[in-house]
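Chain nomenclature is as follows: A, B, C, D, E and F, assigned in order of appearance, with residue numbering initiated at 1 for each chain independently.
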């Protein structure tokens, strides 16, 4: 049974060697991916972030820029990802103090032969890592969690909702 | 009260502007950081990964290389991080099929004026993102979770254990 | 009044958060941008540069290569810039000894949904910075000045001449 | 006379070939460089930038992050620059509406064998280019000007003030 | 006679200055390039590599990933190369113990205005350099050799076979 | 016997997983590495290169800059390489028309815990690839060959001469 599973790992050829999947024959379609994730922070860190957003020390502003820049470099980070010119990218960061976390949502769009799931997930990850970096003097116990693909449209495999 | 919290956000100056913290006067000490995290995968994806490790299609091998390479580029991704020459880096990836996840542990060492927490966390994140990329044709519902700093030694702020 | 101005800042959404502008619906058209700028140098530095160009120590040759390579990495440097495959790039560097400066002109062409103004401006900037680097042992008072977009054609907003 | 000038171009060897200067025998000293520059903008663009800073659409916040990130990548952009771990970096951006420009100041510190002039100048350049990018929908006639080294301390060649 | 030869150097303009060739008017066609090369290793290094492939210490797996990642960054390394989104990339690494070398083959495909020869050659080069890195504790006399373009199809200049 | 060979592959741990070798306990010493290699070109390509060097179209100047820039990015290309601040780098490119090749020599120096062999080899490789790129319109049968470490001094393993 393992045999047929391995077939499904599209990033490996018949010999089991890693490859960048061939998309020569795929159609260029409009695609959109949305990923979400969050970072659990202490009340002190939350307060500092919220104070900064309103007044000074804009943690979320820096994290948003970091996330967008990382989205553009996804193919440098993820070995078998195709380089994809993108149509748009946005990252929303929302404090949810009653639950103790900050939530990141990244939406990426392109017209291409492959989708932009990895770009959206990378944007979320790097935005959250950047929040960690800026708050770690206050709280080292922050946890980055629940990063996943929320939605994806376009492409042959059809739409996906988590 | 928010006032004093903002003080603690060391990556901003008194005007609230983002800065790369000044470490001119800090001592070079030996430092070590260990971060962990995991990706929750379907039984099908787990089976494919485990088959590959044993036989062919080495998902974890590719993810490990991706993680190590990302560790070295942490300062390019995280805006206010210092560039740090590193002494060593290792990433362990372990399938835990009974719990339905693959766990990543990244240990980074350096001699420097600042620690390598962000490097370790970045290594874990990119290794897990790479697993996502290679398994996403099988399972789009994978969730990256519980990324946190497990341990840190060296530096003025003392040792830390999660 | 500030309210309506902020609307014009296309790189921010209605909440004031930075975004990479959505170009999904824009047409691919042929585009060309030309930027210029210059570096004011001392007579000694000018002489060294001119001697090198003719004979050995080709400052402008190195600066030209640096500029072209930077053009290709514009989207890595400028946070909200789209990554754009380019059709061509050239950088002309001309000594104007009677005025005491070296002038840089960068022309970039592409077929795309957004223009290449930032690429041309980045090429000029990095070429001039490279001249600074190579001449700074002779002259630390060099000034980089008058970097601007000279001309732009293609795209919905029409042609532009400075 | 040209002959002896060329000698001073330290980035070329006796054959006129570009080299990365040998700093093997130089001492590690504490160094600091400060560069400044500015971008001349229309009243409309100035108003948009100032509105954003106060309320939403933080142009200067994005430009500051872009500048700091570029400082860390100076050695990738400037061909003959040494890669230098840095101690600190800060970029100040100040609107000067009565003069019609926004001024950028970048201060970089390190302990090393070579100085950080190029890092400071690169930080100023990329911060100003980023402002250009975000305001160009309002004003295409912006001019980046007067980028120069304001001050430098540390190293064998002694202190420098413009 | 030199005069007319120089004309053929398409990466320089009439003044002899380096340029990125203008491909505005070229057709987008399907292209494929295949490059090969090899690294000559000692029997001890060969044995270690072969043991690793079968069992543990997968030198070729790491080299393959490094090569694929380098292919995507060719335009950052080769100054006058166009950035090209790629359709696929694969790198085959084969031990030929009876001849004392490991052979690398890299095949790259794209739809574009220029070919992917440089991408394929870069992939081979970096894969072989990576093998050198991992085996150099055993053998410092390894030689990388015979890197060349094996085949190229698509584009105006017609097909090529070495 | 394979068992003990695998031990020698220092870039893998006892489980066979790739690691960045731990240099925590190594001494910082002065190190130097020299690598050489060459590209075999047709008489037509040789003539074009030689004409350019003397007069215009400076192929070797561009290749030299590309090589130096690649040296600085070695740790980004070679997965398990440590990032190393360098003291100096020079690349000599010499036409040897009577033998039909252009020879590249790259010398890199640093003070560090690990050597700079990979940096020197990478510099040679990318300089030769750049020559290939600029001459490929004239000659597609060029062969990059004989890339090896010529000499290495410093470090615990002692001096090495090919």
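One rule holds in what follows: contacts are C-beta pairs under 8 Å (C-beta built on N, C-alpha and C of every residue); 3 or more make two chains touch, one makes a residue touch a chain.
Here the structure is a predicted model, which means the values were calculated and not measured.
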- Item | Winner on C-beta contact pairs when A-D is weighed against A-E | A-E
- Query: Can you spot which of B-E, D-F or E-F is a repeat of the B-F interface, where more than half the contact pairs line up?
  - Reply: D-F
- Note on the structure: When centres are defined as mean Cα positions, the distance from chain A to chain B in whole Å is 15
- Query: Where the centres are mean C-alpha positions, what is the separation of chain C from chain E, in Å?
  - Reply: 31
- Query: Among the residues of chain B, which are close enough to touch at least two other chains?
  - Reply: 17-18, 58, 61-62, 65-66, 69, 73, 76, 79-80, 83, 85
- Pairwise, which chains touch? A-B, A-C, A-D, A-E, B-D, B-E, B-F, C-D, C-E, C-F, D-F, E-F
- Query: Within the complex, which stretch of chain B touches chain E?
  - Reply: 58, 61-62, 65-66, 69
- Touch list for chain E against partner chain C, complex: 13, 17-24, 75-76, 79-80, 82-85, 112-113
- Quick one: which bits of chain D touch chain B in the complex? Just the residue numbers, please. 30, 61, 64-65, 68-69, 71-73, 83, 85-92, 109, 111
- For the chain A and chain B complex, residues of the former touching the latter: 1-3, 5-6, 8-12, 15-18, 37, 44, 47-48, 50-52, 55-59, 62, 65-66, 69-70, 73, 76-81, 117-118, 121-122, 125-126, 129-130, 132-138, 140-149, 152, 160, 162
